[in-house]
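To keep things simple, chains are lettered A, B, C, D and E as they appear, and every chain counts its residues starting from 1.
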Amino acid sequence: MVGLNEWLILSGILFLIGAVGVLTRSNGLILFMSLELMLNAVNLSFVAFSRFTGRMDGQVFVFLVTAVAASEAAIGLAIFVNLFRLQKSVDVDQLNSMGD
Amino acid sequence: MESGLLWLIPAAPLAAFVVNGSVSLATSRPGRHAPHGLVHAVACLGPGIAFLVSVWTFWQLHGMPEGSRVLTQHVYEWISSGSLQIDVAFRIDPLSGLMLLFVTGVGTLIHIYSTSYMHEERGFARYFTYLNLFMFAMLILVLADSLPLLFVGWEGVGLCSYLLIGYWYDDPEKASAGKKAFVFNRIGDFGVLLAMFLIFWTLSRAGAPSLRFEDIRAHLDAFSPGVATAVCLLLFLGATGKSAQIPLFVWLPDAMAGPTPVSALIHAATMVTAGVYLVARLGFLYALAPMALSIVALVGATTAVVAASIGVAQNDFKKVLAYSTVSQLGYMFVGVGVGAYGAGIFHVFTHAFFKACLFLGSGSVIHALHGEQDIRNMGGLRKVMPVTFWTFLIATLALAGIPPLAGFFSKDAILWEALSRPNVVWPWLPKLLWAMLLLGAFLTAFYMWRLVALAFFGTFRGTKEKLHHAHESPWPMAMPLVVLAACSVIVGFFGVPGFLGGSNAIDHWLEPAFVAEGHTAVAAVAEHAAHSAAAEWGATGVAMLMGLLGIGLGHLLYVRRPELATQLAARFSGLRRVLAAKYYVDEAYDAVVVRPVRMLSDRVLWRIFDVRIIDGIVNLLGGLTKAFSYVFRFFQSGYVQTYVFVVVLGVLVLLWRVK
Amino acid sequence: MITVPAWNSEVWMLLAPMVVVCLTAVLQLTLDLMAGERRVPSAWISIGGLAIAGVLVLGRWEAPLGQAERALGGAIRIDNLTVFLTVLILGGAALALATADGYLDQAKRGQRPEFHALALFAVTGMMLLVAAGELMTLFLALELLSFPTYVLCAFRRDQLKSSESALKYFVLGSFASSIFLYGVALIWGSTGTTVISSLAAAPESSLLHLGTLLLVVGFLFKIGAAPFHMWVPDVYEGAPTPVTAFMATTVKVAAFGAFIRVLVGFVVTQSMPTATALAVIAGLTMIVGNLSALTQDNIKRMLAFSSVAHAGYMLVGLAAVARSGWDTGAVAVLYYLAAYVFMNIGAFTVVTLLSRSAEGELQFDRDWSGSARRYPFLGIAMTIFMLGLGGIPPTAGFFGKYSLFKAAIDAGMMPLVLVAILNSLVSVYYYLRVVVAMYMRTERTVIPGVLESLAPARAHVLQGPGAMAAEEMVAPPRMADGRAWMANAVVAICLFATLWLGIGANLGALPGVSRVIDWAELAASALR
Amino acid sequence: MGLLSSIVFLPTVFALALLLMPRGNDRAVRVLALVGMLVDFAAALVLLARFGTGSGMQFVERVPWIEHFGIEYHLGVDGISLWLVVLTGFIAPLAVLGSWKGISERVREFHVLLLLLQTGMMGVFMSLDLFLFYIFWEITLIPMYFLVGIWGHERRLYAAIKFFVYTMAGSLLMLVAILALVLQHQQQTGEYTFNVLRLYETHVPQSQALWYFGAFAVAFAIKVPMWPLHTWLPDAHVEAPTAGSVILAAILLKMGCYGFLRFAIPLFPEAAMAILPVLFILPVVGIVYGALVAMVQPDLKKLVAYSSVSHLGFVMLGLFAFNRQGLEGALYQMINHGLSTGALFLMVGMLYERRHTRQIAAFGGLAQSMPVYSTVFVIVMLSSIGLPGLNGFVGEFLILLGAFHEARPYAIVATTGVILGAVYMLWATQRVLFGKLDKDENRNLPDLGRRELAVLVPLVVMILVMGVYPKPFLSRMHDAVGDLMAHVESRVENQRRADLAPPAPWDVARQVDATGKGAR
Amino acid sequence: MTKRGALERVLFYLFGGLAVLSSLSMVTRRNPLGSALSLVVAFLSLAALYAVLKAHLLFAIQLWVYAGAVMVLVLFVIMLLNLRESESRPQPLGFGRFAIATVAVAGVGWKALSVFAEQTGDAVTVDDSFGTVAGVGEVLFTRWVLQFEVVSILLLAVIVAVVVLVKRRA
């Protein structure tokens, strides 16, 4: 049997990889994908908890989160598209017109 | 006894001050002129009325039984705070009565004199305003029944002195002299203030908080010897300021920058004697502090000699007189310092007349010579200005202590008292005092005769033009001279000592003012050692001899053999220079006090402490805050991933610290 | 086992305010389609919708928790706290949106209805957020308020700053919501429930602690507490000014409201050093916010950092709640929120009014020199707002700070109060800089911002004596010159509120400080 | 609306009226502002006339305000605040009149701010609720800040900000102390109140009381300003427009002294007594230091500013002496300083209007071209250096006398201030008024005009009256000062009894003082 | 039971490892297209893991929504913007950025994962409806119906939002 701890650790690792991606990739799209990965990592832990407690609420949460993630994708990509129109790039390293 | 009229004495000059002040202000704008007649009339009327009332009061006082000769008037409550109650209340006893008499008398004369002397001045209304104010303040000083009220007059006369010295304010030196006078007086006032606080504190502890002279006299038991000494020395500090004694004497010669009548009135006859008056007024307190008295006497004697020696080397007509005044004030302090208040005040009294006469005479000369003050440019005025000459001569002889003029009696009284009264603190003091005073007497006679000789004898050394214009002064100037000269002859007879067959009326008159009833300590000091009349005769003779010697030497050097004087001057040129430069006291003050303090204030306190340190800290705090601002802004890089990174760091720290 | 919510009228009444706002958003879009070329008074529609919602929600004041709430499984709690916060949100939104039309016209940006619709959706999210009694609902509400806000930030599509701010907000916001969500996951996983009231009784575990921590981080991000504040300045600066006003106020109210509920609901009951942590964060937030604001030249950026600082002040109140458990801290925070809404919307509206061509001339030191002379009302108003933000009597800001400090002292947190005091002092300096610029510097005749924006060829032509006239010609009208009465009215309302909430006494129907405090206390009593 | 409220808010009403006036008519603005100030002064005079003897507060107005926190709108006046109210009323019209010509820009705003400032100052002196007091206290800051910042001179921005931040620093500390005190009171009595009179009875443990007193003291000391927290003052004074300087010197600084008298000392008497040596040292240093630094100032206005540091050192010394003479002297000196320094600033302003410089070196010999001005200047200067017969002496004398009772060494050093005061004032007078009129610019300076006379004559008259006949002023202080002393003494006595400590030397003198009073 | 357990373990490590590897690949690809494809693999692995966890509905949803819709959207945008080697520029923090980020994240991970590692517990036995459309649907539409509605509003808002952002100028 795979223990809850293992599931959680897997979820955690994925989350952390996503975090590293957000931290390091200056390509906006890859950064964005990393964010999606983080949400998915959380989803995994929801499902794992659901499985280990027998409550299906966790799966409902995943359902809801998936919808949110899709929305996030739409919004995020729209923002990128808009930005690309202005900047001809989605490189976040080029984005510091503000800042001290 | 309550008297309803005392208020009139100060009020009259005050009213004159108000009127003249208004006139002066109203006509101050260019192109306007104050009416001479009105100003003169008002100006003279003020002190005149005061004089008349004073005479009347004096008469009344005289008519009262000895020992209870006190007239009082409570005018209104001035300051009242808790146990402190200071009233505007007047009190005339024999001492203040006497002072009153000659202050108003001489004052009136000098007002009259001034009407002529200041006739050409554009600002004469202002002059009389100040002069009237001075009379008011001086009368308050004399009439006050408490120390604070006396202090009002005390500072008031200082103010007027300041204003009048700086009367010709457009001359920076004159304005500066006024300031100097005020500041030196203030140093003295510092002492007076502290003395008042100490007295009040002492009396508070004794359960009788007050600053009235009567109350102080009634609670002398409250003063321990130490406190009494402290109070007396503090008061004496005030006296040295006002009466130009060492170490605060340097302002008085400079004060000659004022118009000459002012010098006569304020810086010779009245104000400068206020210090003596103060010591005499609180004589019962000084009696508790023999040490303080001895110091007073010693300082007085030293001043007498030092000032006289400086006077020898001065060439400014008025400066000579000024040093003479300082010197004579020293005599007065010796008088009061040895406990002979009567003698001291007697000298104040006589000095007022002959010194005023001398100053007015000098004014007459200066007036005639259109402002010439250097005696080296004078000479032979004897014939041009006979009235001035003769009155001046009389006054000079009086000052030199030639019998039977006024100065003789008073000076002799002091000399004798100084010699004859044993000193409990320093037994050797009487002889030393006597010797110094003799030296002073000799020098006085010498420089005075030098002055007379250079100014009135010989031939005129100034320009022809000046001689041509020189003339005898008009009657408003001449009349006071004559009156004062006459007084210089007469007033001495009020104090003819017993051994000369006199009754020493002044001493008897004044005595009740100095004695605290039933106070043993006072009695102990006041007790005369028994001396034979022969000794008194001898001492008097020596003193008189000194005066004659001085005159003789002066006559020899400046009338008979002027070349000898030149030779002597060349021989002792170093000494001459030191004397002419007043022992470099001014320079010493400048180097030791004025410059360092100014330097300290400017360079250290202001530019370093205030601006650099305090403000520096304030600004540094501001600057540091701003610097931190830039530190934080450095992290606000504008890169989104930096922000994410900081979030992760935040989580990291929270995880590791909180969990 | 599973309670089926009875969706009866009672439930609908409960949700009615949110529904109304949501429908208003839809109405905006529909009307736009139907109106064609005609101008739709979008702002008025929004205000109307918000007002109706306000009336509806006020009906729930002091109402007991009914069957309906239980029916929803604790997902929604319309208690006094909700009502108080909702009214604040609605009021703030109405004020912020009232200024939007003028701004958009000036910016020559269409899509006004969409703007309002998005904002109203966000308001729906906020209302839900403050009403949520369950973590998943909280999460959804958070996202519902965030997504439209991201887009609102990017509303000036033509401006790089606008898009950049949206991107930053989006990236960081998503990152933070992931963390938040992870927290929810762990909490649910360790306790089996996400309902706040049940969580209080749940057994503690390290997993729960971890989840709680992540949840709190999510909140701290939303309220802009250090070190999770770094998005604030860039986003506030880049976003269109009315959006900034909207974000800086309503979002903060919503986030703080929810945070208080969560905090008191189950965080403080756990054996974690919550109070200390909050105190440290509060201190750090104040320091970072104030010190960073100190040297800013861009007014919006300065106000952004100031809003960070204000989050710090309010965290002082929360720290006091966490320390003492008394609700005085919560009362203070609620009062402060009310004050903060008015002061900030007022300030940002003045910014809107004073910046020519929308988003120009924000370097207040330079661009606003002497502007109080031409716009005396705005000058006075801005001064009062700045004084208020600086916490100087007689303004709401002072009273807010006063009650916060009082709560903290009550809770025995004197050192924190002293830190706050020092910070107030620092803040006074930069708030006054604005006043200095407006009043004490001489008015500029040539506006560099305008000249720089011109092509170099034309700029040098303008150097000559004709520069003045040319400047008048090329400079687009300030909003203050044109259709700005609504914005001015907003300023006036905020001005009055800022003063009245500082020193007002109860005058008949007009609530004074005392009554508002009473209300805040009633609201906070819902936390017990 | 009660009398006190009228006095407080009449200026506000006039300020609002000014705001409603159409633009452009500066003269009407000035007249209206002047009328406003005069009406306020008249109200203050009514207060003075109706002020009765007896202890306790008079004309009390007490209305619940922010009930939730026990905050009340609570005004009252006793012999301590009475004169400050009257002084405030007296100075304000003169300040308006004094800036009739000097202010030509933004006239309306200027006067609105002056009127608002008036409200704030009046409020400070009348508030009996700590919270209300704090609000008024801070309110005064804002108009002053603008007055300096808008109508000031070259370095006005620096000065204005410095003034504001410096003062804020202190008052924020005070706010914390207020809160802590109120909390303490609540814990002891269960009553949440800001009523000063109630808070007087709060017992604060000494360890905390020292902190609270410190916080209050710093706030007030900055305002006074006490050395070494004085450096904002020269800057603010020099940069402020005339009216600003006048009000700053005459009234605002008194708020600090008043704060000590009404709040800091009676609230925490034990703490004050515990650090008495420090409280004596600072004013004494201030007296000497202020005088020395004033002496070397090349800028006339700065000189007057530093002289304020010195003069307020006297006030504070008297205050901390805390016996009847010291307290009444301090109160008296507050008024004196208001009159004389106010007048000096007005006169410096008049010079500035004529010559656009304040450098002493730019003048000289003005007595020739401006005799009336010079006369007034000299009178005011003499008042400032405490010449007997003028008002300054009465205050200084009482203060030093009082201080001498409590702390002789300090009093002795402080008395040197009398000398130094004369030095710098006379020197400045000499350089400005006397000497040769050798600068062409000064030759044709017009003397005082009718308006300027109208400004200065009331001041000079008061200077004279207060010097010659201080009784009506002092007698109205007696009851309030007595109350204050009784309160503090009983507090300290209680503590002493609790501590079983031997009586301090200063108390012996006080007891003697009390018996002396009885004997009279 | 053990056999099933073993199978589960194998599947867990297989898909778990795949998910981790593909995630790493996603994060480290230089080309966004490569990243996107890696992410698809990760999503698919996650879907498989959902299946292992008996979340059948979610398995499907994961395939449709993530691997399908979201990734198509991403790829579409990548194509639209024609993004290729866009990271040729030196980065502000260079390689250091990667190192620092990893350290920081590892620091967080160390603490968090150690908490996870403490978690024990076995999967509970569940009935057949667990994770099915019917089972999840029942819960969703009873207890979580309000949240469901909220999501619908969210989607509506997002539609408006996206239109606002990308609509061509009128």
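The rule is simple: contacts are C-beta pairs under 8 Å (C-beta built on N, C-alpha and C of every residue); 3 or more make two chains touch, one makes a residue touch a chain.
These numbers were taken from a predicted model, which means no experiment stands behind them.
For chain A and chain C, which third chains touch each of them?
Looking at chain C and chain A together, the chains touching each of them are B, E.
Centre-to-centre on C-alpha atoms, which chain is most distant from chain B?
That would be chain E.
Out of every possible chain pairing, which has the most C-beta contacts?
Looking at every pair of chains, the most contacts join A-E.
Starting from the mean Cα coordinates of chain C and chain D, work out the distance between those two points in Å.
Once rounded, the distance between the two centres reads 43 Å.
If you average the CA atoms of chain B and of chain D, how far apart do the two points sit, in angstrom?
Distance between chain centres, rounded to whole Å: 37 Å.
Please tell me the distance, in whole Å, between the geometric centres of chain D and chain E computed from their C-alpha atoms.
Distance between chain centres: 71 Å.
Could you give the separation in Å between the centres of chain A and chain E, each centre being the mean of its C-alpha atoms?
Centre-to-centre distance between chain A and chain E: 7 Å.
Quick one: which residues in chain C touch 2 or more of the other chains?
Only 136, 140, 143, 147, 150-151, 154, 157, 167-168, 171, 175, 206, 210, 233-234, 292, 429 qualify.
In chain B, which residues are in touch with two or more of the other chains?
If we look for residues of chain B contacting two or more partner chains, we find 622, 633, 636-641, 644-645, 648-649, 651, 655, 659.
In chain D, which residues are in touch with two or more of the other chains?
Residue numbers touching two or more other chains: 165.
Every touching chain pair, please?
Once each pair is checked, the touching ones are A-B, A-C, A-E, B-C, B-D, B-E, C-D, C-E.
For a test of understanding, state which residues of chain B touch chain A in their complex under the given definition.
It is residues 633-634, 636-641, 644-645, 648 of chain B that touch chain A.
Please output the residues of chain C touching chain A within their complex, sorted ascending.
These residues of chain C touch chain A: 136, 139-140, 143, 147, 150-151, 154, 157-161, 163-168, 170-171, 174-175, 178, 181-182, 184-186, 188-189, 192, 194, 233-234, 237-238, 292, 296, 301.
Sort out for me which residues of chain A touch chain C in the complex.
Touching chain C: residues 8, 15, 18-19, 22, 28, 31-32, 35, 38-39, 41-42, 45-46, 48-49, 52-53, 55, 57-58, 61, 64-65, 68, 71-72, 75-76, 78-80, 82-83, 85-87, 92, 95, 97-100 of chain A.
List the residues on chain A that touch chain B in their complex, please.
19, 22-24, 26, 31, 92-93, 95-100
Going by the contact rule set out above, which residues of chain C touch chain D in the complex?
Listed in rising order, the residues of chain C that touch chain D are 373, 376, 383, 387, 392-394, 398, 402-403, 405-406, 409-410, 414, 417-418, 421, 424-425, 428-429, 432, 435-436, 439-441, 503, 505, 512-514, 517-518, 521.
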